[in-house]
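Chain IDs A, B, C and D follow the sequence of writing; residue 1 opens each chain.
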Amino acid sequence: MSSTSAGDRLRVAVIGFGYWGPHLARNFMDSAGAELQLIADHNQQRRAAARAMYPSVDTVEDEREVLASSVQAVAIATPLASHYELARAALEAGLHVLVEKPLAANSTQCAELVALARTQRLTLMVDHTFLYTSAVQKIREYIEDGVLGSVLYFDCVRANLGRFRRDCNVVWDLAPHDISIFNYVIGKQPRWVSATGATHHAAEENLVYVCLGFEDQLLAHFHLNWLAPVKVRRITIGGTRRMLVYDETEAREKIKLYDHEVTTSKLDRQRGSTLEVQCRAGACAAPELDGSEALRRVVDGFVHAALTGTSPLSDGAAGADVVRLLEAIQRSLRDSGARVLL
Amino acid sequence: MSSTSAGDRLRVAVIGFGYWGPHLARNFMDSAGAELQLIADHNQQRRAAARAMYPSVDTVEDEREVLASSVQAVAIATPLASHYELARAALEAGLHVLVEKPLAANSTQCAELVALARTQRLTLMVDHTFLYTSAVQKIREYIEDGVLGSVLYFDCVRANLGRFRRDCNVVWDLAPHDISIFNYVIGKQPRWVSATGATHHAAEENLVYVCLGFEDQLLAHFHLNWLAPVKVRRITIGGTRRMLVYDETEAREKIKLYDHEVTTSKLDRQRGSTLEVQCRAGACAAPELDGSEALRRVVDGFVHAALTGTSPLSDGAAGADVVRLLEAIQRSLRDSGARVLL
Amino acid sequence: MSSTSAGDRLRVAVIGFGYWGPHLARNFMDSAGAELQLIADHNQQRRAAARAMYPSVDTVEDEREVLASSVQAVAIATPLASHYELARAALEAGLHVLVEKPLAANSTQCAELVALARTQRLTLMVDHTFLYTSAVQKIREYIEDGVLGSVLYFDCVRANLGRFRRDCNVVWDLAPHDISIFNYVIGKQPRWVSATGATHHAAEENLVYVCLGFEDQLLAHFHLNWLAPVKVRRITIGGTRRMLVYDETEAREKIKLYDHEVTTSKLDRQRGSTLEVQCRAGACAAPELDGSEALRRVVDGFVHAALTGTSPLSDGAAGADVVRLLEAIQRSLRDSGARVLL
Amino acid sequence: MSSTSAGDRLRVAVIGFGYWGPHLARNFMDSAGAELQLIADHNQQRRAAARAMYPSVDTVEDEREVLASSVQAVAIATPLASHYELARAALEAGLHVLVEKPLAANSTQCAELVALARTQRLTLMVDHTFLYTSAVQKIREYIEDGVLGSVLYFDCVRANLGRFRRDCNVVWDLAPHDISIFNYVIGKQPRWVSATGATHHAAEENLVYVCLGFEDQLLAHFHLNWLAPVKVRRITIGGTRRMLVYDETEAREKIKLYDHEVTTSKLDRQRGSTLEVQCRAGACAAPELDGSEALRRVVDGFVHAALTGTSPLSDGAAGADVVRLLEAIQRSLRDSGARVLL
């Protein structure tokens, strides 16, 4: 018997035990507020693996058994194409839903799920894990407190070797991270999106460059790559007062804040511009960050929202915003990189 | 008296003693085949600095004095806008010409200089320094020998804090490096160019993203940035057989060759793609590289070409190719990132 | 029910559920050949944590209940002082024993345990985890194959911020790693040991420098530090043919092999030495390494040895060798760094 | 003609144009307060190289010609064995002297030179270049201001591949840097020295580990290595309030200041220590540093001291302190690492 009684705990099922499901299961096992009761997967070996890891948890093949069970909530970690069907069925069955990002395959599905959750008074949350890292929390704090001044650009590189997904291209796999982070820390709406990609080994793009245009010369750029020699997870933010690098692969010092000085002076000269820009490299600081696992905070946040009826950080609406942008990127990709106005 | 007699040495003048001129002067001083006789600059302090460094070298204010002097060759390290006038006057005066990159401000000027050098039977060379590094020589060798297989993408990041130039934007300042390297190691003609930028402090773009499209899904991308918190000089090349990272900021191991394995297998499954792509991270190797200064090889190459009448590695034609692409990038920038066909 | 029947699996108990116990437990849970039945710890909260993690596993307060149970093997992850008592009792009770390093608090205890295991025909294994990493396996392979030539020096830095242990000083905590690796990959007996340390916060040394002297100018040095600003886990091995750096903190490229060239030529000159040594930095290579968890191989190795009666890689004798050296280091520390002959 | 008249400038000769001489010559050429008039070297090729670089400077074979010339000061960059003779002759001839580190081959010679400079009222300065870096200046500032609290340890690693010197072993080549830095930033007198080394290719030690013992558990350690696969120039300083890493090979962020927290609490427990030490990794900061060349400040400092008669930062006395410690290290090396009391 576990140390806390099950009475006050959220009974949870995890649907999909492939790549991400086991991480969710482990965190639900460790979460004091939750009780993992069920793991569903079509694949026999995966179910066997789940049983070996968690002998106390039942496994089922058909997700419909989950809906019929006594669980109060489901965490959906299946291929993108099935998110909508599973989430809708779960919400209709009165279950709280945590969905792997992205929320669904298109905006119409997202809107439907958001509306359904509202009418059912259930928690619909998307697992935008990075929003729950102390690094992203710190970046948002910096920007809100004006530490960076006004943001001039937001440059992301999210590259690694594989894992080539079969259910979506690199944009739908990796861009949700950068988009959700951007929306959370900066929260401005782009005026246009432009994307160019290449398809080398898979059936869909494995390398894509995305530009997002905003007012006042703010520019965001994502480099998304499944075919990179080394893993890169770097976000660089340039501001009028300071610049910042967030390198997720760093064990420590994930965030570096650069106190560079850029001064502009008018010049009176015959040729060339009349603007003289002087840069001085300044000091650098890496804030202390809480190293605990972000997914644990996702799970705890979901459990808390479901038990209290409060809204989670990455709710359905936030997930829908991300999908809207993914669609625009996809349109630009299909349209040879033409700007898609938003 | 110097150790070798001046008889067999190329008498050289350096025009422009601002940022790059002193580097050229130092290398001409050290080059056994050259004799630096004259340094020209409009600025009195710069001339004083030149005299302090090289008491044996005369300094003049007006570059016309250079043409009237006994020098046989000039190295032009002045702002871009003056390249054409100075180079043309020098060629007409019968002098060999080494020009700072880019060769000139537009293709018409480039074509004229190339033709003039040909009719005058003089050496016209552009200082695309990087082509003379042992790193770029090695990369070309890898590609020619098929070590990388066929190239899938070419990704460059050239970012640093300043120096903001007043005579051109970040494209004309930094892109010549990446374009000349690309042309030299891969040598394919892009079918289209697309560029998006932002102007934050200066009068012209200080941050620009460039995409170059080729046949067969080959994609090249340049991230050009004058406003970055840390200096980045990285070129990543993905090939079908191997991948490569060239990090110019590394003291040693500037090139890393990754022996990753990417295998594709057909799958027969109901949903998702029918392609299964498996990646395995393999061994990594950093070749031994000659650490000697590339600019020294530029200068020696120029001296050799001038003295022997042979064609240098980065001749006028190569310089003109670079300018053609710079113009196309500029057009796309002005045209909101629309693809410019070539 | 788990996928394989329990009949052919080793029934295991983990004693001690503090820092390392949970790692052992997790790996025994995942090991197909083992069945974790019991976890023992004096601490009530730790037992509760164990139950929460592994509801299927029983927990007991008193280790004597383990001896009375039906388990066939125990993994001991308790403070050093209790290793001997627990291991002896387990062996006497006919149980196979895996002990956390170091094997015991002194050589007499080690000898007794080794002898007892032999007479009882039971497996006695020490958890020198690093020997089971693919990196250390590769280093041993390099040395055996003569890739490094003959080894000239072996330099280890094992530094981090905390964890200050209360049951031993930094030598007994960290040096077992470096000693066991050295013994495994080089296997030479030092002729003397010398150690100097400082005690800053704890009751015992938290910073110690150790020198080991061998024949033929081979020198080994360990820098052991609990009070370092950054985590360092680096072993540098200099050989006559090549040099090697093993940086355990690297996500990839943990091993770098340097193909440097050192040539010696006799000189005939009036003053200074008559030996001219020329060094040329050569290429560098990082071999592909299997990234799977070493502790899993420790656990599987223990299970295999126990089930088959074969001898494990890090058996009691290897563990005793390590303790012998730890004692010598300790003597030198107490004797103001005087060399202790072995 | 140079921009400032020669009247008020110090007329300087550089003796020895091997490895370091050219660096000194370049900086004297660039120094407004100095006029490099003479370069002396026994080697004909080196003199030719000097003339090629600085046609305006005379070269001589015999250093006695320097003493007979009109120069007011000499910079001595010859092998260690000749420092004393050359410096003494120069001082006796009434010339100010800048000597390459170490000042001389033994303490007696140092004392004699210091006394001679005093009686002659001439500047005697040792080129301990590192003291003039902004990094070391900053470290001294940190320690003086109590930013680190009281210093607990000082750990240096100064390792690289070659250059094997023929005129001294690795201690006399590299340790002067670490000793002079230690003396400058901490300034405590060690109570004992212990050193162990190995001689692999050369006639003298190319790998040496040095321990310096102080009161109050302060420990200093130098790892000196001519046979390392990668260049390391790292000084780690642990203090009661903060820790610091000075990595000279970093292009930027050479100094990192770690705000770690170490708390000690008494415990009442049966076994183990009664001290509970808790460490918490804190924020990290890299101060802004002036990147200008340190040797330039050495040269300017020497010129200033000579022209004004003031005492330079690294005067003869400081140089003598370093040699005293080098001798003690050498004694310990010869005496099998036995502690040499000071």
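By definition in this document, contacts are C-beta pairs under 8 Å (C-beta built on N, C-alpha and C of every residue); 3 or more make two chains touch, one makes a residue touch a chain.
All values derive from a computational prediction rather than experimental measurement.
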| item | value |
| --- | --- |
| Touching both chain A and chain B (chains) | C, D |
| Chain pair with the higher count of C-beta pairs in contact (A-D, B-D) | B-D |
| Chain separated most widely from chain C, comparing mean CA positions | B |
| CA centroid of chain B to CA centroid of chain D, Å | 39 |
| For chain A paired with chain D, centre-to-centre distance based on mean C-alpha positions, whole Å | 52 |
| Residue numbers of chain C (touch at least two other chains) | 230, 252, 281 |
| List of chain C residues in touch with chain A within their complex | 1-3, 29-30, 48-49, 51-53, 55-56, 230-231, 249, 251-252 |
| Interface residues, chain D side, partner chain A - complex | 252-253, 259, 281-288 |
| Contact footprint of chain C on chain D as seen in their complex | 79, 81, 152-153, 155, 161-164, 166-167, 194, 196-204, 206-207, 209, 211, 213, 217-219, 221, 223, 225-230, 236, 238, 243-245, 256, 258, 260, 262, 264, 267, 269, 271-279, 281, 336-339 |
